[in-house]
Each structure stands twice: as structure tokens, then as C-alpha cells.
Amino acid sequence: MTIDAADLDYRCINEEIRKVDGKCIITSCLGQRFIASGMSNIDIEIEGIPGNALGSYLNGGTITVHGNAQDAVGDTMNDGKIVVHGNIGDAAGYAMRGGRIYIKGDAGYRAGIHMKEYQEKVPLMIIGGSAGSFLGEYQSGGVIIVLNLNSRRQKSVGFFPCTGMHGGKVFLRSRCEDVVFPPQVIRRSATDEDRNELRSYLEEYCDLFSLDLEEILFSEFTVVTPDSKNPYRRMYVAN
Amino acid sequence: MSIDFISPEFDVSRNESRCIKCRICVRECANGVHIFDEKRGILISDETKCVNCQRCVSFCPTRALKIIKNPNGLKSNANWCSDSVNEIFKQSSSGGVLLSSMGNPKKYPVYFDRILINASQVTNPPIDPLREPMETKVFLGKKSDVIERDSDGKIKCSTEPQIELSMPIMFSAMSYGSISYNAHAALARAATELGILYNTGEGGLHEDFYVYGKNTIVQVASGRFGVHEDYLEAGCAIEIKMGQGAKPGIGGHLPGAKIVGDVAKTRMIAEGSDAISPAPHHDIYSIEDLRQLVFSLKEATNYKKPVIVKVAAVHNIAAIASGIARSGADIIAIDGFRGGTGAAPTRIRDNVGIPIELAIASVDQHLRNEGIRNNISLVAGGSIRSSADVVKAIALGADAVYVASAALIAMGCHLCRNCQSGKCNWGIATQRAELVSRLDVEVAKTRLVNLMTAWRHEIMEMMGGMGINSIEALKGNRLMLRGIGMTEKELEILGISHAGE
Amino acid sequence: MSKGVHYRMGKLCDNGRLFVFMKDALMKREGEVRIPSGCAIAAVISRKKENIPGSLIIKAMGPMHDRSNGLGGGFAGYGIYPEYKDFYAMHLFFDNRDSRKACEVFIKEYFEIVKSEVIPTRKIPSITDEPIIWRYFLHPLMSMMLSLQLDEKSFVARAVMKINTELDGAYVFSSGKNMGTFKAVGYPEDVGLFYRLEEYEGYSWTAHGRYPTNTPGWWGGAHPFSLLDYSVVHNGEISSYDANRRFIEMYGYKCNLQTDTEVITYILDYLIRVKGLTLNEAANVIAAPFWSTINGEKDRRESEIHAYLRKTFPSLLITGPFSIVLGFEGGIMALNDRLKLRSMVVGEMRDRVYIASEEASIRAMDDSAKEIWAPAGGQPVIVRVEDERA
């Protein structure tokens, strides 16, 4: 089923998606927001540029974008998968608590901000290129991986990564020698155990984008986690 | 002792001739003020720990206890009052930011207390609210702009999603985590019985309370705790929290110690991890981004739920409200600077924001000047203390009010302003099981229902006096108000005349 | 009304800035202050559209003399200008010659003046200190209408608001087609004589005698109040006034007089002309049934529409006592508040329908009138002439 989005607003697109039980290809997409918001059991391919908040509150299924995506992809998503064969804008995966976001290219500012996890629900975001500043800000759970492949940027990640991080894990395919982390996190080189964990995350991603998993795993990775012994210092006094 | 010793604020006065050494006070005080000295067989007190929550006083079977202001104090000084000095002691010993609870206690003008309500005499009749019909039902939400008709010319009756309230009052947001399970249960049950709404706050919705969904507003705050599809579907309205009157521009931080058991589960974060609500929503850095969040929530819930945007009353509130009215939101909730909180930096609580009365007046008038008042309903909160405040707020232009402090007081809160300690002896602002169990849900619910029923009767009585028999005719009816002891400027902002005019 | 006050007005308002001087005299004229009033109302209509002389409606006000206090009276007649029926008949009060000249300049920018004349009056001892009273038969200038992107009626309504709000010393008190309002400070019987109403004939008439609590200061405050072909006479003081006023002022209306009648006229114009509601639907907005009544209605469709109208126009609910007669082209509508706090009776004889605050008033018009009945609160009585289908 193909939905020609050329003359449709987002409300119509979502109605069309519901009509075909979520299985469709959307063509000529140009900036329509909230596509598949809150939906589950979908399988959507998008040609063109989807608008902001693509797949917000997504509850299951797959969205594939054959190109770039804008801001707030997967905002507060709960489950499912969003695959972007290009770059992605700011604040991707804001407060996501489950599901996966796979980006082939670069991510903008604040990717994975305030990602969280609870019990078996652990969200995963993989950025093939580099990430902008404030990666994983306020992260309280979940996993963010930055592969730093073919990026036009010099660095794997911009400024102030992991600011306010108090949970979860970030993997950066880089030695991160030139990256300044806040004092409340621990950075270290990946161990074999970490690599095994990485392998489980990356298998599907490498399949999707036809990448050589072993070659990627062979590189140097930096792992960032919160430092439980050095939490944000108690700042308050009761009055 | 040391430089930092601050003489306790209160003295525990125990009338020895009445004390029967039953030790109820020892058991009731989670702060550890009362101690039984086994050796000497007497009760002693550590006043440094007393917060004056009145729990021991209320439960002493012989009325032997009094908490009195400690007469010991610094040399009186109208400029350097003892609070200012003691706060310096606290900060110079700790290096910490001062943290307080509940609403702004400072001596700012309370405009509600300078407004008087009208009554009918001769030229039109007052109405007896006991014997004649008197309506307090309110609908919140956008009003239809165009009347549509079917082919027979009959009006099509579909409206934008509305909230129906039996009276123009709702319980405002208090999260599970900041208050207890039992407090939430009482609010949910009372709202259901009263035909009004309560608000989950930003801590998610406990699975036990999904049954009260029709009377629930679910909140989406910057931390997005517990926000998922079922949650959004569970309530009858969704509130985006942009700010709070007690701490405009400040986020929230529930320490990991309070993220235990069901609180962690409801917030959907790991036990013991801090729950941080950033100051902004990181997908909203500008007004057009608010529109994006409003419509993403509407899309996710298929346009069936009204979306409320809650903001703190700040200097430019009229323009902000106008932006919100154009963002697609159905309702704007404004929280004045006296609004309560479970914890806020003292300086913010006491110095940031503006009074709700002025905010209501300027927002209502501004939206009318812009011709968009009908696009949005206005809910006002931030220390609504009585039914008279409700009537004044509505006559100034609010559609309904939010109350929280009054609801907590109904449940037993004695305004000791120590919520941040987590040791609430009344079982409200605590997660300690032994304290939570002190709050009897049935009793608390009944007290909430009593309070609101009494307020409703009083509102009807005041309306009847004005000759108004439906709350719609009170909304924005500023002719029913007069100011007393106010400047021209204050009257101008409130849009009312002075008493005698 | 105190002669002294009037004398000052007469002397000082030469430059057309009357109210400034009134303020100086510590006396506010109506519009600057809200004046509550009690009243008498009456109306008559011929269903067959036969001509009724103005003298008949004057008679109606005699028995209700004590419901007025000599501080306001007025009439509206429909079908009274048959030879100019295609033009807007604008009646104006002017404070002086300069204000009339200035206003005519304004009018000419918006309208073609087909005819202009002094409204004929007769000197009677009880009516004094009259302003300059003129009428104009006008045709809107198409070019202005197009440039403002307004339909004809909105264009005229806006011009009326502009004159009444912005032009000092000029006040439009009637602006419909083939109808006219006549009002003054005085008892209604005297006002009728003053305007020589016995010389007019129309198919329907409404009348009003006013009992304001303080002196209105000028003639604009008398009733009926009218806009386009809507005219309202009203008895009672409504308690919802400011809620109604502040709402309706969002939509281009300006309540210059602060009277109930003015706001009710604007509400009805907004609901019927702008929002396209029927008379019945409009009645269900301003005198909405109670929720308990709506919920108990057997006809589910009716109940749904009543609920919808209340939800959609909550700020246009009028509470407090009122009985009104709305005059419009081809008919009248009488309506009581939903608690029926004011008296109003209806009677019929042949093709005529009479409405008044008191039965005696109906009897004065036609002592053979039959089937005198009192409509229930919130129950509109709508009478249309036979060949009209509005």
C-alpha cells in the first residue's frame, strides 16, 4: 500500500496509516509531523523528509526513513524501531524508554537526552556517524552507541557529552582523547566483556546497513557510565 | 555548641502534671523530638528536630503538649530579621542552596484579600441557593467557532474535547513520589465522588488508579516519567507542565532514596536512581516547539483528550498565555507565586513570579483584546484558600481553579513546610510505609469531599447573593468585584473599580 | 432631571467634548457609569402586515405610567418608511451644529446620502433640552465595502460603532431599513407626542418606559436600543452584565452605554446575524434551560442541541431578571429570563398579537384582546408577519 503524501497533512497521513493497519510506503513526504505517533504494529517506509516528532510515543513496529529525518525523532517512544538511512536532527529519542533508533549518518544536538530504562525495557540508540553536543544529557538509562563512521565532523561527539548522566551507558568508537566529560561519569576503554555486549547491539544494525560487524568491533571504544561514588554533589540545605 | 548553632525555632512545652507518659508522642514523631528516658522514667525533648507539624499535640490524649515559638532570639532588627541571619548561618556552614517546601510565606500583598464581592439589593433580586436552581457545572475546552448544520439545517453537535466539572475546582498536580500512595488514592476517590478531576503530577500513574481515569489529568513534564501510551490514554485530559508557581524556571529532583518500590515502577525508572526533571522540556525551546508537543500528544491520543499547558505566573504572562492559546492547547493553567511545592530553592520560591490575581486579570483581558479568549479555557492556581478566593478568581476571568495546598490541609497537613525531609508525620509527603499508613484513605477522601461540598455551597451562596444562578454568568464578571486599599495601577491591572465607586 | 446640570451641559458642550465637562461637574453621563433601571415594555404586531398607527402603542404606555419615572421613554416602529425601504434609515443625536457637520463628513466617506432631514418634533413642556435630532437615508458605498471586505450589514454595523465610539457629540440611535427608533428623556407618553408618532404607521411597534436609578445625563441611554433592524426593549437588571459585555466586546461591539439593553441587542445580533442561529436557538443561549432540565428532556436531539448551545456560548447566558421584546424585520420575539423574574403577558385579536409587562397595557390597545397568557421563563414567543420567512 502506498500513501502519496504530497497533498496530505499529518492528520490525514496518520488516518491513512490506520486504515491500512500500519503497513505502507509513504512517498513524497515533506515535513509532515507526528507520523505514526503513538502507534504500534506498524511497518512504514518513508520516502522524502518526514517532519518533527516522527514516531513519538511509538509503541511497536518499524519505521524506515530512506533519507534524513528532522528533530525529535522517537520522542518518548516506548517500543518499536526507527531506522534512518541518513542524518537526524536534534533531540532524537528524547526520554525514550524502550525500542531502538538506528541512524546511518550523524545525529544533531542532544541525542538520547533523558533516555531511561526500567527492568527489561532498555532503549538503544545507534548513531553511525557522529553526535552533536550534549549527547546523552540527563541520561538515566538505556544504551547509546556512536560509531563515528564516515562522518563529515572531526570528532565523534560534540561538547558536553553525558552532562547530568545518572544512569545507562554510552559507547563511543573513539579513544575520545579530545573529549571532556563531566566529573560525575567514568570513562574507560572497552573490555572484551563490553565488546560482547556491543556485538549483541550491533548485529541487527550492521545487517540493516550492510556494515562489517567484525571490522567495527575491532576498533577502539570508549565506555561512559555514571560514577556512583561521585554523584552530583548534594547542593541543598534544608531551610 | 558553635557559631552555627541556631537556637531551635520552637519550644516543646510539656505540662508534667498532665503527662501520663503514654509515649504516644514518641511513637508519632518521625523526627525524633520526643524521647523516653528509661533510666529516669521521664519524657524529654530534642527541640532542634521539631518542625511544628502539630502531630504530637493533636494526638496527646491529655493535651499536655504545646509547641510554642522559642522566646530566645536575636536582638530585634527590622532589617536583619532572624530568618535572614539564620539562613546565613546555614549557608556558611554548608555551602548549600536553601531548600524549602510549600508556598511562599513572605509578606507580599494578597490581592484576594483586597477584593470585595457584590450583592443584589432592590434593583435585581438575590437568589436563595438552597431552594432555587443554582448551577456550578463547568466545561473546559475550546468553544466551536463555526456552527455547522446538517442538510436539514439541524445543528451538528460535535465539539472539541471538553472536560466536564460539577464545580469549577480541580485538585492540582502532586506527583506520586512527592506525596504518598494513600494521599493519591484519597484525591482520586474524592475527585470521582465529587465529579471533578485530580492530577497525577509528573510521577506517572500507579496501576491501581487507572480505574479513576475519567477523573484524572495525566501530566507530561520534562522528565517524561511514566509517560507511555496507556498512561496517555488513561486520563480524561493531558497536562503539559512547563512550569510551577513555587519554582518558575526550575526543574525538579526527586532523590534516588525516594525512588523505591512502586514509585520506581510508576515512574518507570530503576530503583534508587535519581528522578531528574530538567528545567525545560528539551524539545521545547520556543513557542512553535510547544505547538509540536501539543499536537504530538493530540495525535498520539487521536484528538480525544483536551491538552492543558501549565505555566508559572511570570512577568510576561499575558503574552505567554496568548502564545499558548495559539499553540493548539485547549486549556491554560497558570500557577501563581504562592503555589505550593514538595521542595523548591527558597530564594526562587520567595522571589520569583507574580501573584495569581494579577496574572488572571491580565491574561483574561489580553486574550479578550486578541479576540481569542474563546479558544482556550483558563485555570488558575497558586494558593486558592477558600470559596471566596474561587469566586473572585472566576469573576476576574478564570474558568476554574486548581487547589492543592487546601486539599493537603484537608487531609491533615499542618503546613510545617518540611515536605523535602520525607518524614511527614501526617502520612502525606512521605514514602515511609509506617508513616503512609497513618493516612486513612477513607477518612482523607471524606474530608476532601466535605471541604469541596462546603465550598460549593458557599460559592452558590455568594452567587445567589449576586443574583447569578449559573457559574457561566460569573466568569469574567468584574463588575461584581471592588477593590479596597489599592492603587490606581493595581485596580487598572485587575480591571475593577474601587469600593465606593 | 436637574435643570442646573442641563444648563451646564448646554453651555459647555459647544466644542462637542461634552463628557469632559460633565466629569468636571462631578456628574457622569450614561456610558461612563452603569445605571440600573426598572421598566415597562409593550409591543404590537400585525401578522397580515397591516398598518398600525403610532398612536396605538402610545396608548399602551398610559396604564403603566408608574413603571417609569420620567427619565426615559421610547418606541421602535417597523414598516414606517415604505418610500425609503431600500435604504438604511439612520437616526442621530447631535450635541451641536459642529458635531453634525463633522459627522456628515464621516458619513459621506462611507455612504451615499439619499435624503437627510431634521426629525419632526413638537414642543411640549415636559420634554426639554433636546439635542439636535436628524435622520439620514443611506446607501453604503460599494467601493468602501469592497476595500474593507465586509458584507453590507457588517459594514453598516461597523460604521455605527465608529460614530458612537469615536465621534464626539454624535450618536446613532437607529440604523435599520424601513424601521426607526424614537427615544428621549421623559415619560413614554410624552416622548410619543414629542416625536409626533401618530403621523407614522407600521406593521409592528415596541415601546419602553424607563425607571433608571439616577439621571442618565443624555438621551442616548433611553430605550429601545437598536442596531441595524434589531431593536430591543427590556425590563429588569441582569446580573451577568459584565460577563456578557466583556465577551461580546471581543467581536467588534463596543458597549458605550453600559446598559443591559445595549448588550442584549449586540448579543442577539451576534448570535442571529453573525453566527447564523435561529431565533429559537438564540433564545436557548441567552435563557438556556437548566442542566437538570436538559438532562431530563425526552427528545434526545433537543437535549443534545441545548447542551451544545450551552457549551458553545457559556458567556452569553443572561442571568438575573429580564423580559425583552426583540423587534426585527418582519417580526418580534418576546422572551423572559429562565426563572421568569419579570412579568410579561401576551394577548391576541384577529391578526394582531400584543405583548406587555401588564395586561392593562394590552387592554388599553385593544380591550377585546383574547387569550391573554403568560409565557414561561425561557420560552420564546416568536411572531412573524405572514409573507416573511426569515
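Just so it is clear, A, B and C label the chains in written order, and each chain counts residues from 1 on its own.
Definition applied: contacts are C-beta pairs under 8 Å (C-beta built on N, C-alpha and C of every residue); 3 or more make two chains touch, one makes a residue touch a chain.
Treat the numbers as computed from the prediction; the structure is a model and nothing was measured.
Relative to chain A, the chain whose mean Cα position lies farthest away is C.
Measuring from the average of all protein CA coordinates, the nearest chain centre is that of B. With centres set at the average Cα position, the gap from chain B to chain C is 47 Å. Chain B has its Cα centroid 37 Å from the Cα centroid of chain A. Centroid to centroid, with C-alpha atoms defining each point, chain A and chain C lie 67 Å apart. In chain A, no position touches at least two other chains.
Taken together, the chain A residues at the contact with chain B in this complex read 10-11, 14, 33-34, 37-38, 40, 52-53, 56-57, 59, 71-72, 75-76, 78, 91, 94-95, 97, 110, 113-114, 116-118, 121, 137-138, 140-141, 164, 166-167, 231-232, 234-239. Considering their complex, residues 120, 123-125, 127, 132-133, 135, 137, 139, 143-144, 147, 154-155, 157, 159, 162, 368, 371, 373-374, 397, 466-470, 472-480 of chain B touch chain C. By the touch rule above, chain B contacts chain A in their complex via residues 87, 90-91, 94, 96-100, 220, 222-225, 227-229, 232, 264-265, 268-270, 273-276, 278, 282-283, 292-293, 295-297, 299-302, 343, 345-346, 418, 420-421. The part of chain C that touches chain B in the complex is made up of residues 34, 36-38, 213, 236-244, 246-247, 249-251, 275-277, 281, 288, 290-292, 301, 304-305, 307-315, 317-321, 339, 341.
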